[in-house]
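Down below are the structures I want you to see.
Two complexes, one shared chain (chain A), two partners (chain B, chain C).
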Partner chain A sequence: MRWCPSFLLFCFLAVVHALSSSGDRLLVVLEDATQKDLYSTFWGDLEARGYSLSFESPKNEKLSLFQHGEKAYDHVLILPPKSKGFGPSLNPKNILDFLNKDGNIILALSGKSTTPSAISSLLIELDLHLPTDRSSVVVDHFNYDTLSASDNHDVLLLQRPGPLRPDTKAFFGGEGILALPRAAPQTLGNNNPLLAPILRAPATAYSHNPKEEAFNAEDVGATGSQLAIVSSMQARNSARFTVLGSVESLEDKWFSATVKGLNDKKTQTANREFAKQLTSWTFKETGVLKVGKIEHHLADEPENLNPTIYRVKNETTFNIEISEYNQDKFVPFEVPSEDAVQLEFTMLSPFHRLTLTPSRRTENSTIYSTSFTVPDQHGIFSFRVNYKRPFFTNIEEKHEVTIRHFAHDEYPRSWRISGGWVWIAGLWSVIGGFLAFVVMWLYSEPSQPAVSKVKKAQ
Partner chain B sequence: MAESPFDALLKGESGRNTRGLLRIIILCTVAAAAVSSRLFSVIRFESIIHEFDPWFNFRATKYLVENGFHSFWDWFDDRTWHPLGRVTGGTLYPGLMVTSGVIYHVLRFLTIPVDIRNVCVLLAPAFSGLTSLAMYLLTSEMSTSPSAGLLAAAFMGIVPGYISRSVAGSYDNEAIAIFLLVFTFFLWIKAIKNGSIMWGALTALFYGYMVSAWGGYVFITNLIPLHVFVLLCMGRYSSRMYISYTTWYALGTLASMQIPFVGFLPIRNSDHMSALGVFGLVQLVAFADFVRGFLPGKQFQRLLTSMIIITFGVGLVGLIGLTVSGVIAPWSGRFYSLWDTGYAKVHIPIIASVSEHQPTAWPAFFFDLNFLIWLFPAGVYMCFTRLGDEHVFVVIYSVLASYFAGVMVRLMLTLTPIVCVAAALVLSYILETFLVISPQTFQAKSRDTSSESLRSARSPVVGISSYISKLIMTSSVVIYLLLFVAHCTWVTSNAYSSPSVVLASRLPDGSQYIIDDYREAYYWLRQNTPANAKIMSWWDYGYQIGGMADRPTLVDNNTWNNTHIATVGKAMSSREEVSYPILRQHDVDYVLVVFGGLLGYSGDDLNKFLWMVRISEGIWPDEVIERNFFTARGEYRVDDEATPTMRNSLMYKLSYYNYNTMFQTGQAIDRVRGSRLPVDGPQLSTLEEAFTSENWIIRLYKVKDLDNFGRDHNSAMAFDRGNKRKKATKKRGPRVLRIE
Partner chain C sequence: MKFWNTALNLFLLGSAALESSAETTWGYTDATVSVQTKGAGVGAGLKEQIPDNKPLSKPISLGSSDSLKLTLTSQEGRTTKRAHQVFLLLTDPATGLDISYPFNVKDNGKSRLDLTQKDLPIQFLSLPEPVDARLLIGGFGNSRAYNNVAFRLSIDRSPDEPVPTAEVLRYGKLPEIHHIFKSDPTSPPVMITLAFVGMVLAALPLLAGVWLFLGANLNHLPTALKSAPVPHAVFLGSLISIEGVFFLYYTSWNLFQLLPAVAVAGTVAFISGSRALGEVQGRRLAGLR
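And then the complex of A and B:
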């Protein structure tokens, strides 16, 4: 338990600085400083969670996501610009570089203004698609706020989302109604497995450009739950990128608004709670998995840890320690009920794929383990744990071990094999017979000594 | 004649002693010449292991010295054939490594601090000294004249056909195997002459050593039975033969089965069946011989005839039955290619792709043997004239080895010893005829010509009496010998002393320029990559990467797994999109290609490329098609007219990536293939250049990880270059949108 003190120290530091597991420097890109007050509750919530916010205008020449080649901020929150673009420091390449260096980004869009083409091409790079006119909003004639949008039907009222799939954890769930005014819809492409929608539009929604007078039924790109209002991309290095369709939902006004659906009673919005969930997920306060110790050993030699070589048909045990970061500390990771962490024992293809079961819990982690027999095939195998689920950071562990053949003295001896007794008997009978013959030959008297004497005499 | 002061030394008892001393001195000198003529490469370059296979032997020897014999025996090598690994301890001939290990430990024990590398480098020259001694012994058995043995020893010491495999640094199995071959044959001749169990057992002992050292032991396994068989057919059955053959076969087979790599082959493999068959035949003949003493002639004839027919029939049926049922392994592909030189090219491209498996070019015989090659037939003829048991052996050996040397370049090595024997017999005969001052001694000799010899040789030999003819003959022989020495030295120095790891060339001003790209790149790998970074290259370089860079490789020169080699060939000859998953699946971190285009180094990968294509086509005939690499007119081109398949293949891209930046636009020239390259060089997306050696001979590429954002590498590269991605094309049927 050598790691315990340092681990506790780490936890301590984390508590002091921020709740996030990956730093507290948050850059808010906000073009119009006067708009800052619109979101004061949101800023207050973030600061209360330990973030140090810096507000910068994208027009600022000195703004840069990097300093000395390292990222200057840990997280970035980009609010939609007034003007046409963001300027050179926030071009798509810089943003992808920032993600490559483990930075996290929330990109807020708004249906009120046209999304800059730079943002659009960045999203296309991630296989996230905006409507071609880039200024559509999501309209739903069944789930809108009758108080504020009785004409335009563009303030959506939605339940908070449950788990994306039965085998994933719901990070954004809970009670309450979300109000999403003038949301810019996104559609998710088929080619990027890293994308996951956080909040989808209801089945009756569609995307509509309010500036176009005539409604063109032919040109509806996507409808219903094909539209995402909040979507996320978690890169392979676990950097998180969230697109929030409706920036207005973060405003103070909507944090505490009273809304009323078509057939519902008046209720308070849960936007504030949802904004907290969204930021804490994106800024890695939740859904962060950490792998602690990985141990494997022969089943009957637990003291000899992580040998580099096994023999075929050995019994081995594999343990992996996984913790989950939750708001301010690491807690034991529990696999969602319909899911399993699996171990693959692979050479070119998996020879074993085994479910790891929790064997022990420490204060901060769960130890998953399994035992199995090494296959009867020598080679360079690897223990692989490849656990990639939406909203959890990726676990991709690979530990190579060599599986050798039987050494020449590890086979059973010949007399232990009953089929070999025939040959052993044959062998010894020949040896015995030969010895007997030699003894007989040596000690048997020559029959005619007289004759030989005669010959010698000659 | 006046008494010369030397007479006291040359006549009588002291004369014999003097000659014995002289013989020892000559043999020592021959051995010293044999050793020293092999040191060119050490003096010119450095004490370095050469070529390819020696690097593996060297690495295995280091393992043996470090870990001891037991772990060497059970060695599982996880740094080759990734991810399959190789049961190295059970799939190699350990004789070479164990020999140098023993030498190393003995020297250490004698408190001589020696590096194992130097032991390995100098092992081949040391054993070549021993080979010439063994050659002396073997030839002395063939001829009564002592000069034949000395000449044979001298020939063997410096003949290029043997030097080609035994220069310093050429640490290969043949280094000790040729000594063992010659010595085993000497012991066999001794055994069959004396009919002694001791010599037969010694033959078996050295045969066992030979089995542990070289796969070419099969040559002995077949030659000795053939010798016995021919003697039997000549009606020369004797108890001497029975004793020596049965002793050798029983003990030798047991000894050979102790080598894990050989195991049960001697009783299951067709290559070994002749020895077993002759063993049975000798028993039958012995039995028949025994029965003959008790039966009258006519009955015996009938018995013999029926016995021969029955035995032959049963044996043949049994052999066919066992072969069909698979108990006896069918003939191996390498064996077939011995009989049909076109066999390998059609059926086993991997065997055909090795240059030393090609048929020998005729000039090579003169190049490797010089004037010995035309003395050789005369020597064989002389053996015919004498035709003792041992001379039959020489004749059989000559016929077999001549054929095999014509089929495969590398088998020139087995021909060389018998050529030396035959040539030495002839030359000593000539010298004895012409160097003797008084001819009387010859007439005395000619009377006791054995009755076994041919009729033409029975007429009495008349000596040469003319001094002029003696002088002419002797001086011409001396000139031939001097030319032979000059030729051998020249060939050794110019053809066989290049380490091939280090290349030497001449600058325009005549000074030597060392091209050391191989080692530069291998040491780059050693210094700059993680210890278990997997390197993919064509199999030729596997042993060198393992030995010099100490990094795991996918395939190496031990070509035991054709499929795995074909996989590498497929990765090299396919498009990047096909290759990348293969590279990922095999955990490849770096890809190494050899490119000679800048320097005009013709042994590069693009010239071997068609073998990669052929070998992988053998496994995936639908995916890799050789025809697509040729232009419509059937040319193999790399310039503008190269086919799209060629230009998109990974090998082409890796060879020429960034190559055009070396030249002005449109001026890029490949000096090996002598063609002007396309203006636009190939683009790489899934790999990135990691290292290129000074003369561009070795190029290393790092395999990229998957894209961080889930894009394919092509679009990621396009994005990095600043190309905007086109919006999803609209008019392609209904859009499929995901809702999950």
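And then the complex of A and C:
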């Protein structure tokens, strides 16, 4: 029994340190070990949040994202390589396999050097596109840092991004100015709904290859806010992949740099806070949803939970408990304004699609519920909650129930139907007439003419 | 010492140069915008000079078969110079849409741009209000870049042509669906029902009246009760109770309650009925009926 307290203490420490909801093993792929010191504040912040960092060079032949068929790390941070590529252990297939096994990846790019074609083909798999020359940077003559890039205009100064759409949560918002030196732009394809831009270039920006002197109108692919500087993809298994266009923005130098826009005063960059938001989102410290209890019952029989069969036109209540992981604990999930968690009651296609409203909050979850009348169609239905939103992990719940017809004794009785009274009256008048006829036949004395007729016949 | 002096001089010169160049701004001159409708003759379209740094007061309309031509000469300060960025930026302040089109820039700063509705993203085609057309002129170095509204562009479509829509999947809230129930069966107005009920029930008194008119009577009842009181009473009672059992079956009983009760009442009716009918036969043989 001696080991018990220390074991408990160990467990407690493990819980305290495991900040991310999906593990703390972080692989940093860094080719040039001397560059490690450039990012020391960033590494320090990650370690302080509980990650155990392992630095590996992509040239290390023993490096593998997998061990015994399982992923060897929970998260990977890939810094841009000096050489032409990453080698066999980090080829696009391995990286996609890692994503498929729920691993999270931050891929940092830099406009300083040409992006390897392996990276470019990996991004094309995800419908993210780099400029064809792979060495363009985003230039903006209106939003650049006048202190460090007065000539080249390639250090962008941007506000922290607000919500992507009115119905999404702003995970990356806040006060302050971001400095993004020499950012490699990406454009997002139209065919992948899993993509979401995190930080877009301003409308006046464009991409430009600094090695080319002249600027040809024909070369322009995308401009303005179609260029994404930081973009993300959340796979169907909720694994997260973030592309950061400017690796330099993570350097110590830019974490605490003083910058000055064209018309602004000198300010400190908010890069450090943004890097924290970016890593904590990608490594699943934020925006992770968990479904707790799912309960459905007849509206007037709350004690009989989750029956397997309902009747058509029953009044039914459905409850789902959702919590959101925020940095180190689960908190009640609040739907962004203008968004809604929706319940579908489906057989092949939804018969009902209803907004679930928060009905109760516990310490770390919100219970969303709604009541509705079961459709007048019998069959195998299911309660479905399919909540897929940018930046939130997916919720996909499906609970089957049988919907039966009215039983023979559940219909209204015939005397309640006023249209049936005529038939009921007809029936009972026949019965009454029959009884009267029996009495009449038994006890009636024949009238005289009839008797004489009978006698004549005899 | 001399070296430092020259260095200082150079520095001052340099900073002076920097300051003076910081004041120069990018701009343009000789900007014209023209809209040519396809099929119309040369010179038939609209052509307007854009004054420097001032937007045109009237919006320029771009129809579906029109092509818009924009020419300008970029300037840094007062001297014409090739700018690195000469863009036409279309923005819609209401929706936040933006798209820019780079000009074809020559070395002497002369730039030109052709634009038709086909070049526009389809999101722009359905905007109700004219969009702002801004000119962006900028380059590297210290000169201030130019960004101002040159004119307002109204994208006109003939109302017969449908506006193309882009169907792309984006995860978000879907429209609510409420199942439409089949309407409940309805009954005719109660008054009509009651009228028909009255007609049906009127059949009984009508029947009684016809019987009385034909001379129906109960004259044999005392005779029958005198000669065979028990069979008659039991027979009629069992008939009524069979109907009563049917009534109970209609209101509350089930078949398994009904069957034994009807079996008992039926047996009683059979036995007592044969006696009662024997008495009736006796009356017939006696010539009473």
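As a convention for this text, the second predicted complex is superposed on the first by the 396 of 458 C-alpha atoms of A that agree within 3 Å, B and C clash if a C-alpha of one lies under 4 Å from a C-alpha of the other, contacts with A are read in each partner's own complex, and residues count from 1 in each chain.
Rule of thumb we're sticking to: contacts are C-beta pairs under 8 Å (C-beta built on N, C-alpha and C of every residue); 3 or more make two chains touch, one makes a residue touch a chain.
Quantities reported herein were computed from a predicted structural model and do not represent experimental measurements.
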Key: Residue contacts on chain A - larger count, chain B or chain C   = C
Ask   = In the superposed arrangement, does A:G426 touch chain B (first), chain C (second), both or neither?
value = second
Ask   = Touch check for A:L442: first (chain B), second (chain C), both, or neither?
value = second
Inquiry  = Looking at A:H141 after the superposition, I want to know if it touches chain B, chain C, both of them or none. Which is it: first, second, both, neither?
reply    = second
Inquiry  = Applying the document's definition of touch, where does A:S225 land relative to chain B and chain C: first, second, both, or neither?
reply    = both
Request  = For A:R165, decide between first (touching chain B), second (touching chain C), both and neither.
outcome  = both
First (chain B), second (chain C), both or neither touched by A:R404 = first
Query = Does the superposition put A:H378 against chain B (first), chain C (second), both, or neither?
reply = first
Ask   = Should A:G189 be classified as contacting the first partner (chain B), the second (chain C), both, or neither?
value = first
Task = Pick out the shared contact residues on chain A: the ones touching chain B in one complex and chain C in the other.
result = 165, 190-191, 193, 224-226
Message = Could you list, by residue number, the parts of chain B that touch chain A in their complex?
response = 73-74, 76, 78, 82-85, 87, 90, 260, 532, 552, 585-586, 705-712, 715, 719-720, 724-725, 727-728, 735-740
Request  = Mind listing the chain A positions that touch chain B in their complex?
outcome  = 92-93, 96, 99-100, 121, 124-127, 129, 132, 164-165, 187-195, 197, 200, 221-222, 224-226, 233, 235-237, 239, 309, 347-348, 378-381, 400, 402-405, 407-408
Query = Considering the complex alone, what residue numbers of chain A touch chain C?
reply = 139, 141-142, 150-153, 165, 167, 190-191, 193, 203-204, 206, 208, 215, 217, 220, 223-226, 262, 313, 338-340, 342, 344-345, 350-355, 373, 375-376, 388-390, 417-422, 425-426, 429, 431-433, 435-436, 438-440, 442-447, 450
Key: chain C to chain A touching residues, read off their complex   = 84-85, 87, 89, 91, 98-100, 102-105, 136, 138-142, 144-145, 147, 166, 168-179, 181-182, 185, 187-188, 190, 193-194, 196-197, 200-201, 203-204, 207-208, 211, 214-221, 224, 232, 236, 239-240, 243, 246, 276, 280, 288-289
